[in-house]
Amino acid sequence: MHIRVQREPFDFGEECGRFGQDGRNVGAVVSFLGVVRDDSGDLASMEIEHYPGMTEKALGAIADAAMSRWDLADLLVIHRFGALAPGEAIMMVATAARHRAAAFEAAEFLMDYLKSRAPFWKKEIRREGSAWVQARDDDEAALGRW
Amino acid sequence: MHIRVQREPFDFGEECGRFGQDGRNVGAVVSFLGVVRDDSGDLASMEIEHYPGMTEKALGAIADAAMSRWDLADLLVIHRFGALAPGEAIMMVATAARHRAAAFEAAEFLMDYLKSRAPFWKKEIRREGSAWVQARDDDEAALGRW
Amino acid sequence: MVNVLYFAWVRERIGLPREEIETKAETVADLVAELSGRDARYAAAFADVSALRVALDQQLSEFSAPLNGVREVAFFPPMTGG
Amino acid sequence: MVNVLYFAWVRERIGLPREEIETKAETVADLVAELSGRDARYAAAFADVSALRVALDQQLSEFSAPLNGVREVAFFPPMTGG
């Protein structure tokens, strides 16, 4: 189980290349990458604030919940903070399991909880002013399925 | 949209590193890797037979269905055939979309249809004899959710 | 003339990956009956049709489907890709 | 003494990331009432408590929760990670 909270970029390809494929009981690996999107075309940067200390605890608790709910061979969470440019990788999760259902479900569970239960806040810095990203009702609702 | 059916190995990390992250409207990338599992510990190799011609058509139709059902920026399917060793990569899918729900759903849809509708057959070559992998009832049942 | 292809254990039981067949069978089921009558290997391969799938010109199809105009028929067990 | 932390727009409205507070507030809600009374910046930050979340010693909690024994209180908007 690997959890990293960092300012530095990470290399999604490299992480995928070395994650979870060494056990002979791993049949399925799922990974998710979150990228800074620029819908309006005038995003200068995305600033991600977090709560050092609580962030690591919250991610650890979410990861523990996934490990105890599904039979996972391994699990990875990386989340960045600081100023990110459009197109940059924000975060990733990866799960390894015997079967695909567990790997997919655990990855979606991690994402749903990360979105609404890990203390990160995003601010969009645009040429025409800045704004905090609002939490979406359906992100909160997504927790209901677990 | 990229579909490859090949005997040669592919590099999952490298594929993940270059897939789907160039559009400014991509916020979510999901990838799935299938690996040769050795549950009993005596698997010599996994032989994958396919139906050249039909395989490409079936994968193309499944990919088209995913592209028309979800708003995807890109989609990748790679499936190998021939003799594979335990731990080797069998196949992968990847999806890129604005939001995570579409990327996850499309990847799971691709996997469910690939499992039961693309003409591949797996044979396990064990020290104590060989056997064709049986289709699982729940693989067929998985199609019901789409 | 129709090209008939066999995959996986169907291929192994029959002992051939493909053959050209001259047939008057009107449906897939007719063709299966005709092939099953040939010898024990074919009879074994087609013993339980519910365990088989059929593709006509590389499209999954039904055993009740007509064969007119079809150039390639493939028999195989349920697929196990992924 | 309790350490009070502010994040995102709560931090921006109050103009501070953290402060040490001497308080006799028994619950989070009491502390919010006390802070809101300080000046317009605090009043603006805490105007709509339903838009806020609170963590006590780095665990998500409720505004009705007691403060005794708590060393760190954090106020922030709903989280938007991922």
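A, B, C and D are the chain letters, set down in written order, and residue numbers restart from 1 in every chain.
In the analysis below, a contact is a pair of C-beta atoms (placed from the backbone, for glycine too) under 8 Å apart; a residue touches a chain by one contact, two chains touch by 3 or more.
Model, not experiment: these values are computed from the prediction.
Using the mean of the Cα atoms as each chain's centre, the chain most removed from chain A is C.
In terms of their C-alpha centroids, the spacing between chain A and chain C amounts to 48 Å. Rounded to whole angstrom, the centroid-to-centroid distance between chain A and chain D, based on C-alpha atoms, equals 26 Å. Along chain A, residues 34, 100, 111 each make contact with two or more other chains. The multi-chain contact residues of chain C, meaning those touching 2 or more other chains, are 82.
Pairwise chain contacts present here: A-B, A-D, B-C [touch as defined]. Of all residues in chain A, only 34, 48-51, 53-54, 57-58, 79, 90-91, 111, 114-123, 132-135, 140 touch chain D in the complex they form. Within the complex formed with chain A, the residues of chain B that make contact are 11-18, 21-22, 24-39, 41, 86-87, 89, 98, 100, 103-104, 107-108, 111. Against chain A, the residues of chain D that register as touching in their complex are 5, 7-9, 11, 55, 58-60, 74, 76-82.
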